[in-house]
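Heads up, the next two complexes both have chain A, just with different partners, chain B and then chain C.
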Partner chain A sequence: MKKIKKKQGVTSLEMKLFPYLLILPNLFIFATFIAVPALFGAYFSLNKWSGMSAPVFIGLDNYVRAFHDVKFWQSFGRTLVYVLISLPFIMGIPLFLANLMIKEIRAKGMFRAIFYWPSMISYIIVGISFKFMFGDNTGIINYLLSLMGKAKVEWLTQGSTAMFVVILATIWARTGFYMVTYISGLQSIPLSYYEAAEVDGANPVQRFFKITLPLLKPTTFLVLILSFIDLFKAYGLVLALTKGGPGTSTKFVVQYIYEAAFDGKREMGYASALSMILLVVMATFTLLQFKVNKGGEIQ
Partner chain B sequence: MKKILSLTLVFTLILAMSVGCSSGDAPSQAAGNDGSAHESSPAGGAESSADPGEKVVLDMLWFADGAETEAMQHIIDDYQALNPNVQVNLLEVPYDEMTNKIMMSVVGGEPPALARTTESILSACYDATLDLAEYVDDIDGVLAQFMPSIHNYFVINDKVTALPTDVTANGMIYNKTAFDKAGVTVPATPDDIWTWDEFVTALEKVKADGGVQFGMVIDNPSHRWSTMLYQFGGRFLGEDGPAFNSPETIQALTFTKELFDKEIVPKSTWLGGEDPNNMFRSGQVAVHLSGNWMMTNYRDNIKDFEWGVTYMPKAKNRSSTPGGKQLAAFGGSGVEQEAVDFILYATSQEANAKYCVESLFLSPRLDNAKLDYPFGKEYFEVFANELEHTVPDASFDWGYPDFAGVARTPQNEGMYEMIAGNITPEQHAANMEKVLEELYQ
Partner chain C sequence: MSAKTKSNWLTYTVVILLAALFLFPIFWIVLSSFKSGSEMFRFPPTFLPEKFTLDNYRNAFEKGNFGRYFFNSTLVSVLSTILTVIINTMAGYAFAKYKFRGSNVLFIFFIATLMLPLEVLMIPIFHVVKFFKMYNTFAGIIIPPAATPTGVFLLRQYFLSVPNELIESARVDGASETRIFFSIMLPIAKPAMSVLAIFSFMWRWNDFMWPLLVIRDVEKYTVQLALANFSGQFSVDWNSLIAMSVVSVIPVLIVFLLFQKQFVQGMVTSGMKE
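What follows is the complex of A and B.
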């Protein structure tokens, strides 16, 4: 008679260990490329360091200087303006598109791909492409305007229009990504709620505001946090599109920090201090959002 | 079974990442060198620790504007034929990234053996370069072979940080077809040189009748625009302190602003990020205030119209802004002596002549003053003449230690604000004066 090998169950220790093993690769990457450099950044922020010679400890001098650095706070202010204007569009347009994309329409997959495709393009390419379109003298849009007998628009030569183009490029580049996030959120809402509301006589607008929006709160909160951080870190797209110009009209805080580190006087220590300040400000904003939105919980 | 497979996959992934993220073989270290690039170099004449039969690899960071990469590769091929145990790798890096690339390599403990530099790059990196005086027996004899006016570009705080491969001159490249169409003749000899007012009048005529949209493009508000500054009699630095805030400078700034206000120079180039090279190449502009390094680029890429080089106008002075490229070697590479040997070869008379003729560059060597260029001989005579009539302030400013690092960004930003009408020329001059004081502290 064959012995039947008894199948062993999963032990309690294995149950506890296994999830950590699964996240270990990501933790390793996070530690190597984010956490450790951040700690080094904190260390260098207390030093005067050009990147070539040895760091010299100067305590909090870099932070004192940063708080008096008018240009840094001006770039911070510009970034805030950019974020506050872009955020409603980056949250609203993807939600609108997601609502369309979960309906049963023909070629739904193709439309989803078309809307998602821009988010797969590098920010640098997006910036170059928009520059190709909006260039004052070499851009397609002004060329088309000239063919129609209209005066050309100084898209990238005026501060306000340059900011408009940067915001437009940002919205175009990020809409698809957040649309997909919203789609997954919308699909998790039970259809029975809508059916019950329809039976009760609720119209589509009422269903949206009374059912969809409240039940979408965790997803909305996620999009808010991700897009806020993403917008605050804007650099590649702006660099390719305007290089922070005209003048400093679209020079945002990350570009200012980059230039402090790598252009001009090469003050890596000072730039590290500016990065730490940015980290604290963004962490504070994020925590505030957590508190106000109660962590995205549905109430 | 599934558990074992999952665990195996997880550990394989971790192992693969660890191997993938690890650094390559460490470069061989020269005897007595602890690999720290900023510490003093070994004594002169020190040899690499590599065995004579071992292949020595020299990585050279390189940027290019035109055909000089191919020209340098030919020099490398010749050198490698003479020195079979040496291999020189050209690693191309965009110009804007060169300083960062050098810095990151030095900080990372793997400095390149060699790099192509400009005076701006050396201004940022001279701490990390070798002092060639410690590797060459008769450094004074070597330096005497090069134009004295550019020594301060690569001899920084008495340290011979590099040797020059070419000297550049800012100059005026013009759209011959547009000028001919407008019936405007450019100065044929230095005696006919226009004043700036006469030049602007000519540009306005070419803009109106020459089939171009704009009169002039200027590459940037710092190095290129400083040519106008020197022509108006201004300068950035004096012996004892900044000298930017002067009537001559304000006159140059005011004149420049007028060029933009009258749309002779398009604001979109400085304010909107449009590339002046592209605009000139596309035939939209009458003249390009650029320099001799664009010769091969325009020779190879401009097919729709004829172009040429003409004398720049004058105000109080004639002047160009000299520049140039050099080859520098870095401490801590482990192949310091071999790197210096290559620099000496590449900058020797014969090799340098070959390189400059092929690249259409001006040679910095006194014994290569007259080279037989296959293209644009007459243009080189114009550039050489511009250099001959360049004021000493130009090389004093741009060769001053840390000048480019301290001045470039504030100068660019201040000019943008001035062109946009947010500050006056007087305000910009005063602001820059304060910025430049840092150089004297």
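What follows is the complex of A and C.
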């Protein structure tokens, strides 16, 4: 960078302006369609508002109410359970597959495609498909269980099994996406490192822990952040699969907020306050990860 | 040698087993879509369709204006993807290779947008979209979702792994920043851009929330919106729904297969890292 600073005139001006030009289109869209609405959302959270008549300013009342809203915190806790159970699988299985998929195996392209396919299917269709397969009486899964001499399970009418199916559907639907991400990360690691390690007599396990994992850090960090946020805001899949049921046993926080805003009483103001709380929690987690992992840069 | 053969066998066994597991739901849904109305729900179920029928597909297309929805989804997904790849690659490169005033704050701002699920900002976004006269237009589902924090992040992480010496030596040779970006960096970034293109098309094709928020006219419905509409009806027509689900996955599948070649090729040609 020192060399650059020494440069004079046109080049240095261009160098100053160019990065801003590069980020401008993204910045404009983010500012207009995310930052500005977020500010509006923050303002709405301080109001009692049905979306129709004029908002009535009520200060922090919505937040006080949210603090005592047991059902909200229950849905929050359920979301955490869902995230924390799913996360290790959603980070581990794709990494495992990616490592298999960069090996010299036959029909590699076909296998990659097979693992990737499910992540090309919309959450709504994944939900429909799993609902179809895990049906109590007509589902193929219960039939397969009966073939193995097991009693049928009422998958979607019991809380814990419904959660299990939601997690299973999530893993199935997301693995391919993160596998591809891992593969492109793995392929950016110079082969010469592995060759050198092999010459030095390092076994595959050592190579994985001493070369792959450290050099894969930017990708792992990316997967961690993306999957956490993706899991935390889960809505479409659950909606199509269980509608948050049975009862409320798979009702996650975004669904709770959505229903507060659009179902029944249409409490836009209160729902905005809940959104703000969710936002703060997610932001805190991400910034924490950034600090811990130093932005995913290889040290 | 024999240890190597053994590990090969183990690899193949694991890969094939896992592939079968991953393939099964797709396999099952596709098979079911060719079964007649009653056979689909028979217990014990039939594995292969007893009587192979295309009725479910015929009904699916006759009942809904599916050609229209397909056209809409294709138009929106293609245009939005082109926009996404261009602007996200630009931003990703800026964050990876320049230290400019406010870069950290701006990057955190970009990433922070990841934490604002559309679902949570529905009401204010709806008003902003309306303010810009984008309500009930394709522009409203093409432009706003084109700036993806994920894409910026992906490209930034990719560019971080590109050695700085490449840029510095180009500068020493007198290349302008614009030239470095277009002639040196873009070709290098091709694999990451292909990955983003696949993702972006898929996101837009599968997206449900933006169309739900922005589109009102049935004529402008996307495939997902139409499917959600069908599945949300009081008595779900499972036979048509399963058939429609199968058809709706095909365009994404085609794009993926088309891009995968380019993707693999990009990997080979960008073997610049020794």
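The rule is short, and it goes like this: the second predicted complex is superposed on the first by the 258 of 299 C-alpha atoms of A that agree within 3 Å, B and C clash if a C-alpha of one lies under 4 Å from a C-alpha of the other, contacts with A are read in each partner's own complex, and residues count from 1 in each chain.
The criterion applied here is as follows: a residue touches a chain if its C-beta (ideal position, glycine included) is under 8 Å from a C-beta of that chain, and two chains touch if they have at least 3 such contacts.
Quick caveat: nothing in here was measured; it's all calculated off a predicted structure.
*Asks:* Can A:Ser45 be said to touch chain B (first), chain C (second), both, or neither?
*Replies:* In the superposition, A:Ser45 contacts neither chain B nor chain C.
*Asks:* Just checking: does A:Ser227 make contact with chain B only, chain C only, both, or neither of them? Give me first, second, both or neither.
*Replies:* Neither partner.
*Asks:* Which partner, chain B or chain C, is in contact with more residues of chain A?
*Replies:* Chain A has more residues touched by C than by the other partner.
*Asks:* Taking the superposition as given, does A:Ile29 touch the first partner, chain B, the second, chain C, both, or neither?
*Replies:* both
*Asks:* Regarding the shared-chain residue A:Glu14, is it in contact with chain B (first), chain C (second), both, or neither?
*Replies:* Both chain B and chain C are touched by A:Glu14.
*Asks:* Quick one: is A:Thr250 in contact with chain B, with chain C, with both, or with neither? Answer first, second, both or neither.
*Replies:* neither
*Asks:* Check whether A:Trp117 is in contact with chain B, with chain C, with both or with neither, and answer first, second, both or neither.
*Replies:* A:Trp117 contacts chain C only, not chain B.
*Asks:* With both complexes overlaid on chain A, does A:Phe132 touch chain B (first), chain C (second), both or neither?
*Replies:* Only chain C; A:Phe132 stays clear of chain B.
*Asks:* In the superposed arrangement, does A:Lys265 touch chain B (first), chain C (second), both or neither?
*Replies:* first
*Asks:* Hey, what residues of chain A end up touching chain B and chain C alike?
*Replies:* Dual-contact residues (chain A): 14, 18, 21-22, 25, 29, 32, 51, 137-138, 262.
*Asks:* Can you name the residues of chain A that touch chain B in the complex?
*Replies:* 10, 14, 18, 21-22, 24-25, 28-29, 32, 50-54, 131, 135-138, 154-157, 159, 162, 241-243, 245-248, 259, 262-266
*Asks:* If you look only at chain B, which of its residues touch chain A in the complex?
*Replies:* Where chain B meets chain A, its residues are 3, 6-7, 10, 13-14, 17, 21, 37-38, 99-100, 103, 106-107, 124-125, 127-128, 213-214, 266-268, 271-274, 278-279, 282, 284, 402, 405-406, 408-410, 413, 416-417, 420, 422.
*Asks:* Going by the contact rule at the top, pick out the chain C residues touching chain A in the complex.
*Replies:* Where chain C meets chain A, its residues are 8, 11-12, 14-15, 18-19, 22-23, 25-26, 28-29, 32, 41-45, 86-88, 90-91, 93-95, 98-100, 103, 106, 108-117, 119-125, 127-129, 132, 143-144, 146-147, 149-150, 152-154, 157-158, 160-161, 168, 171-172, 176-178, 181, 191-192, 195, 198-199, 202, 205-209, 224, 227-228, 231, 238, 241-242, 245, 248-249, 252-253, 256-257, 260, 264, 267, 273-274.
*Asks:* Where on chain A does chain C make contact in their complex?
*Replies:* 1, 3-4, 7, 11, 14-16, 18-23, 25-27, 29-30, 32-41, 44, 51, 97, 100, 103, 105, 109, 111-125, 128-130, 132-133, 137-138, 140, 143, 146, 172, 175, 177, 180-181, 184-185, 187-188, 190-192, 218-219, 221-222, 225-226, 229, 233, 235-236, 240, 254, 257-258, 261-262, 268, 271-272, 275, 278-279, 282-283, 286-287, 290, 296-297
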